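Across the two complexes that follow, chain A remains constant while its partner is chain B and subsequently chain C.
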Partner chain A sequence: MHPVAWIVWSAAAGIVAMTTSNPFYLVVLIAAAAVVHSSHRRPGPSSRSFRIFLLGGLGAIVLRTALVVFGTVDAENAAAAALEGSRLAALLVVFGTFNSVADPFGVLRLAPRRLHEPALAAALALSIAPRTIAAVARVRQAQELRGIRIGRLRSLTALAVPVLETGMEEAMTLAESMDSRGHGRGRRSRYRPERWEVASGATAIVSGVCTVAFAAALLAGRGGLAPSTFPLRWPDVSPLLVVAAAGFALPGFLPAGRAA
Partner chain B sequence: MSEAVLYRSVSFSYPGVRRRALDEVSLSVPEGAFALAVGPTGSGKTTLLRAANGLVPHFTGGTFSGRVVTGGRDTLDHAPRHLADVIAYVPQDPAASFVLDRVEDELAYGMENLGVAPAHMRRRVEEVLDLLAIEPLRDRSVRSLSGGERQRVTIAAALAAGPRILVLDEPTSQLDPQGAEDVLAALQRLVHDHGMTVLIAEHRLERVAGFVDLAIGCAAGRTTVGSPAEVLERIDSGPPVARLARMLGWSPAPLTVREARAIAGRSVIVPEAPVPAPDPFSPGAALLEADGLVAGYAEREILHGIQLRLFEGEVIVLMGRNGAGKTTLLRCLAGVHRPAAGTVRVRGRTPRPGVDIALCPQEPESVLYCETVAEEIAVTLRARGVDGRSEDELRRFGIEDLAARHPRDCSAGQRLLVATAAMVAGGPAVVLLDEPTRGLDPEAKAGLARFLRSVAEGGGAAIVATHDVELAAAIASRVVMLAAGEVIADGSPMQVLGDSRVFAPQMTRVFGAGWLTPEQVAAAAVPV
Partner chain C sequence: MSQLTRARRLLAGALVAGALAIPIASAPAPACAAALEHAALVVDTGSAVTTYCVALPDGSVSGIGLIRLAADQYGLEYRLGYGGAAVCQLAGVGPADGDCFGGFPDYWGYWRGDGKGGWTWSNVGAADTTVGAGDVDGWAWGSGDDGGTHPRPPRTSFGDVCADSSPSPSAVPTSSGSGGTGGGPPLGGAAAPVSDSRSPRGEPSSKGSGKGSGAGAPTGSTAGVVLRTEGGGTAAPSTVLAAARGTTSGPPLGALWSLAAVGLLLGAAGVQRHRRRGDPP
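Up next is the complex of A and B:
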C-alpha cells in the first residue's frame, strides 16, 4: 500500500471523526480502523501501540464524562460529555491505526524538499510511541530481574528514568544515523518507487468519497451528525452515512502488496 | 591527496565537561590504510572516530579546536550529511540507527539521499547483500534480526552508499568468531582490492591485530600512532600472543597466530600438553538441573531438548553461533521464559527469578537510574531483602572506587560492570550472564573475571554466554557449545575449545590443544 494512500485514509477518517459526535457512526468508524489495523499492521512495537491508543480512547471518554462533575450532574450532561469524548476516542484510534500500518520514515522519504524538516520532526515524533512502549517492556522486565516490581509510585522512577533516557539516546542515535547517511542534503532518488497499485488507489478514492458524504451531510444539516442530548433520546441514524463510515474498512479487505 | 582523514591539533571537550576527550591530537590516516584505534573505554577512541565524519562537533556541541580534514573537506565547514559521499560511520549499536523497516530499503537509504540512479542502486544493493552474506535477509524487518544480523546489515548499508572511507565502532562486538572473521576479511578485501580506507575501534585485539597496518593508541585523549606491533607493545593488554611475547621477552611482538608460531618454533620448547594441575577441579553439589528443555516463541521452536547440569564452584561458558539459542536457554534457566516442555530445577525446586537465580540480560545499562553507583547496588539489595553493603558488592568486580560516582559519569566499560553488579547484587548463588563482555575493555573484563572467580570460590556457580573465546580460555571450568537449539559439546575448555577450529583460543592455535592462556604457556616454556 502506497504510504500516501495511508495518509489520505487517515486524514479522511480524521475529518469524518471531526464532523460528528453521533456514537453510531463513530463506533462503526472505530471498528473499521480496527479491521484495517488487524490486517495491515507492521511487525514490531508500532502495532502494539494501537492497543495503547485504543485504551487511550476509552480513557478519553471516561475522563471527559467525569469532567461533568464541575457542572450540573445529570444524565443529559453526562451523555453529551460522553459523546464529545467518543469523538476524541475515534481520532486517537485513527491515529493509532496510521501509526501501526504506515512506516513514518517510509512516508518521510516522499516529502518534498521544502517540507523536509517538519516531515522529519513528524516522523521522529511518530516513532516515539512505539519505541517508548518497547522500552517500557524491556526496562520493566530487567528491573523485575533485580527484584524491583514496578507498581507503586515510588518505583516509578525505576521505570521512567531509564525509559526516558533510552528514548532520548535512541532519538539522538537515529538522528545522527540519518544525518551521517546524508539525509536532507540535496536531490534524492527513489530506490523502488512505490507504485500506485489498485489497492492504494481504491483506498484513497473510497476514503475521499466517504468523507464527501459526511461533508455533504454536515453542510445540509442532515443525518444526525450532532445529536442533542437534551432531551435524552436515541439519535437519528442515516443508513447511508453508516455505510460511508464502514467504507473506511475497505483497505482491511485488500491485499497488502509489498510492505511500504 | 594521500590522506583520507587528517587531524591537526584537535582538542575537544564535551559540553559541560572540563576534561578533554581529545587532547592535541595530530595524526593522519593515509588513503588505503586499514587503521585500528585501540585503548580503554573513555580514552577518546569513539570521539576520535566520530570526529572523522563531523558528528563531533556538529551533533555533540562542546569546545572544539584544531581541524579535521576528511576526504579533502574540513569537518567544521561540512555537516555530516555533506560528507556522506566520502565517509560512512557505523555506530556501536546498530539497532537504534535503523531508519527504515525492510532490510533492502535500509540498504538503499544512503544511496537515495545521495541521489544515486535507481539502476545503480539495484546493483549496489545486490553487491553488498553478497559481500556480507545477508541475501536471505533482504525482505526481513530490521526489528526481527538477531544482533549479529543487525551488525552485518548496518555495515552493508554503510558500504552500499559507496564511500571511500569507512569508520566502524566495534563492528564485531555482537558477532560470533566466524562471523567476526568474515566481516574483517571482507573489510580487508575492500582495503586491498578496492583501495578503501577503513578505521575501526575494537577491544578484542586478537580478532583484528592481524588485519590492520596502522594502529592508533588512545589514552586519556592523547594518541600515539605507529605500526600495530609498536603501539601494542606500549599498552598493557594486547592479543594473547602479544602478551605471551612480553612475558617471554620476544621482540618484536607477534600479532598473529602465524607470526607467533614462527617465533615460538625457534625460541622455546613447550611440552605437548600441560601437566594437569595438582588439584584437579572437582565440582560440588548440583545446583541447577535442566532436563529435556524445549522452548521457543510463537513463530518457532528454538531449543530442542536441552540437558544441563551446573555444579557448585563451576563457571560454565556457553558458546555458539548467533541464533543458536543461548539467550533463550538462559531465560529458561532463570525462570523468566516458560519452556514448552522439560524441567528446570535449582536446588531441587522451580527457580524463582531474582531469588534462586540471578540473570543479567544483554545490555543491562538500561536499568541504571540512581544518582550514584552505590545507590544502584543498594536498591537491588533492598529489593531482594538482603542485608549487605554496596562497597562489598562493588569490590567483587574491583570497582569499589566508583561508589560515589554518577553512573553516567563512568566510562562505558565501567558502566557495564556497574549494571552487571546491580543485576546480581546480594543475589543467589547461581548467576547467569548474557553476553557480559560486549563493549568491555580489557580492564573491565578483568573485573568481570574477578567477579566470576569470587562466585565460584564462594560456593556458587555461574553460566556466561559469550563469543569471547579468550575469556572462556581464562575463566571457564567447563564449556558448553550450543548449535541449532541442541548441546553439541560439553566438556573442559581443553576438550571443547582445543578441538574446535573456530573457537580455539590463540594459545591453542599456536601450541596445540591443552594450552589455553599465555600465563600457562609462559610458565611451562623452556627457552631454546
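Up next is the complex of A and C:
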C-alpha cells in the first residue's frame, strides 16, 4: 500500500473524528481502525502502537471524565466530559493505526528534499515509543535470565540505564544503515519507487468520500454529530453516517500488495 | 314523590356535585399557591412569545435553573452550552450543537423584570443570577450587544403570567401590545375546568397536548401558560414536538446499525488476526 494512501486514510479518519463526538459513530471508526491494523500491521515493534494508543485512548476517556469532580458533578457534565474524551480516543487510535501500518521510511521518502532532516527526525521519533517498550521487555528478560531480581519500585532505575543505552545503540545503528542505503543528506535513492496500486487508490478515494459525508452532515447541521448533553438526550444516529464511518475499514479487506 | 324518584334525584344530585367537585378539588387552593412559590419566565423568539408560570420547589433558583424547571413542568425545549452555563436554544430557536453563538449575530439576550413590567438587561450570566418568588425573567432572540440594541420581550409583569390572587380562572386580556394580528383567542371560558395547571406535570396548556395550532387553544387556565403568537402558526412545530416528546425516549434506531457495524468489524478483525497468527510478532 502506497504510503500516501495511508496518510490520506489517517488524515481523513482524523478529520471525521474531529467533526463529531457522537459515540455511535466514533466507536465504528475505532472498530474500522482495528480491522485495518489487524490486516496491515507491519511486523516489528511498530505494530504495538495500536495497542498503546488504544490504551491511551481509554485512559484519556477515564481521565477526562474524572476531571468533572473539580466542578459540579452531575450526569450531564460527566456525559459531556466522556464524549470529549472519546473524541480524543478516536484520534489516538487512528494515529496508532497509522503508526502500525505505515512504513515510516516510506513516508520519509516522500518528503521534499528541504524537509528531509526534520522528516527523518520525525520518522525516528514515531518509532521510538514502541522500540523503547520492546527494549524494556528485552532488558527485563535478560536480567531475569541472569538471576537479577529487582523489586517493582526499584526496577525503574535498574532498567533506565540499560534501556537508554539500548536506545542509543539502536538509533546509531539505524542511522548508519539508513545512511548506507541512501537516506543521508542529499543522497536520496530512487531505486525502489512506490507504485500506486488499485488497493491504494481505492483506500484514498473511499476515505475521501466518507469524509465528505461527514463534512456535509456537519454543514447541514444534521446527523446528530453533536449530541446534546445539556439537557442529556439520546443523539440522532444516521445509518448513512454509520456506513460512512465503517467505510474506513475498507483497506482491511484489500490485499496488502507488495510489502513496502 | 315516590321513593325511587327521590333516590334518583339524590343520585343525580350527588353525581352533579361530584362532577363539580372534581375540578375544584384538583385545582390548587389558594393556600397551595402561597405554599409553592412561582416565578415567571418569558421567552420571545421574535415570532412568538410564550410565558411560563414556573413553580419553584426550592424557593429560589438560577436563571438557568428556571429554564430547566420550565422544561420539566411545561416541556420547554432548550439547549445549553459552555458546560451548562449559557443558553443556546429556547423553544427550538437557536443552535443545538453547544455553540451558543452559532447563529451570530443573533443570540439569546437575558433580561430581568424590573417589577413594573419593564426589562433591565442582565449583566450577569444566567448561571449566576437568583430568581425568587415573584420575579420575572425574560429571554429575547435577536442581535445587539447590550440592552440598548438587543430586542427585549414585550412588557410583562408577574401578575400577567401568574394570576395567583384568585384560584378560579378569569379571562386574561390578550395583550395586543405586541401588535400581532394573530393574537391568540381570549383564554377564558371561566367555566372551563382549571385542571391543575399550576402544578408540575399538569396539562401544559400552551403546548396543547396535541392541539398544536399556532393560535394555541389553551384550556382556560390563566395560571398556566399564556401563548400569544404574532403572525401565527410558527409555534406549531415546537408545540407538536413538545407534545410528542412526552416520555423520555430510548436510544435511536441508528444505534442498532452502529452496534451491528461494530460487531461485524471486530469479527473481521478477529478473522484477520487468526489468519496472520503465524506471522512474526
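Just so we're on the same page, the second predicted complex is superposed on the first by the 231 of 260 C-alpha atoms of A that agree within 3 Å, B and C clash if a C-alpha of one lies under 4 Å from a C-alpha of the other, contacts with A are read in each partner's own complex, and residues count from 1 in each chain.
Methods note: a contact is a pair of C-beta atoms (placed from the backbone, for glycine too) under 8 Å apart; a residue touches a chain by one contact, two chains touch by 3 or more.
The structure displayed is predicted, hence computed values, not measured ones.
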(message) Quick check on the superposed pair: does A:Val161 touch chain B, chain C, both, or neither? Answer first, second, both or neither.
(response) first
(message) One more residue to check, A:Pro43. First (chain B), second (chain C), both or neither?
(response) both
(request) In the overlay, answer first, second, both or neither for which of chain B and chain C A:Leu126 touches. (result) neither
(request) Using the superposition on chain A described above, determine whether A:Asp236 touches chain B (first), chain C (second), both, or neither. (result) second
(request) May I ask you to decide whether A:Leu250 touches chain B, chain C, both, or neither, giving the answer as first, second, both or neither? (result) neither
(message) Tell me the contact category for A:Leu91 with respect to chain B and chain C: first, second, both or neither.
(response) neither
(request) Name the contact category of A:Phe24: first (chain B only), second (chain C only), both, or neither. (result) second
(request) Identify the partner contact of A:Ala226: answer first if only chain B is touched, second if only chain C is, both if each is, neither if none is. (result) second
(message) For the overlaid complexes, name the partner, chain B or chain C, with more touching residues on chain A.
(response) B
(request) Once the two structures are superposed, pull the chain A residues common to the chain B and chain C interfaces. (result) 43
(message) Looking at the complex, which residues from chain A come into contact with chain B?
(response) 42-45, 103, 105-106, 109, 135, 138-139, 141-149, 157-158, 161-162, 165-166, 169-170, 172-193, 259
(request) Over in the complex, which chain A residues touch chain C? Could you list them? (result) 24-25, 27-28, 31-32, 34-35, 37-39, 43, 47, 71-72, 76-77, 80, 221, 224-226, 228-231, 234-239, 242-243, 245-246, 249, 252-253
(message) Using the touch definition from the top, list the residues of chain C that touch chain A in their complex.
(response) 68, 71, 78-81, 83-84, 96-98, 249-255, 257-258, 261-262, 264-266, 268-270, 272-273, 276, 279-281
(request) Could you please specify the touching residues of chain B with respect to chain A in the complex? (result) 53, 55, 58-59, 79-82, 84-85, 88-89, 91, 93, 96-102, 104-105, 108-118, 121-122, 125, 141, 143-144, 157-158, 161, 334, 336, 353-355, 358-361, 364, 366-369, 379-380, 383-385, 422-423, 425
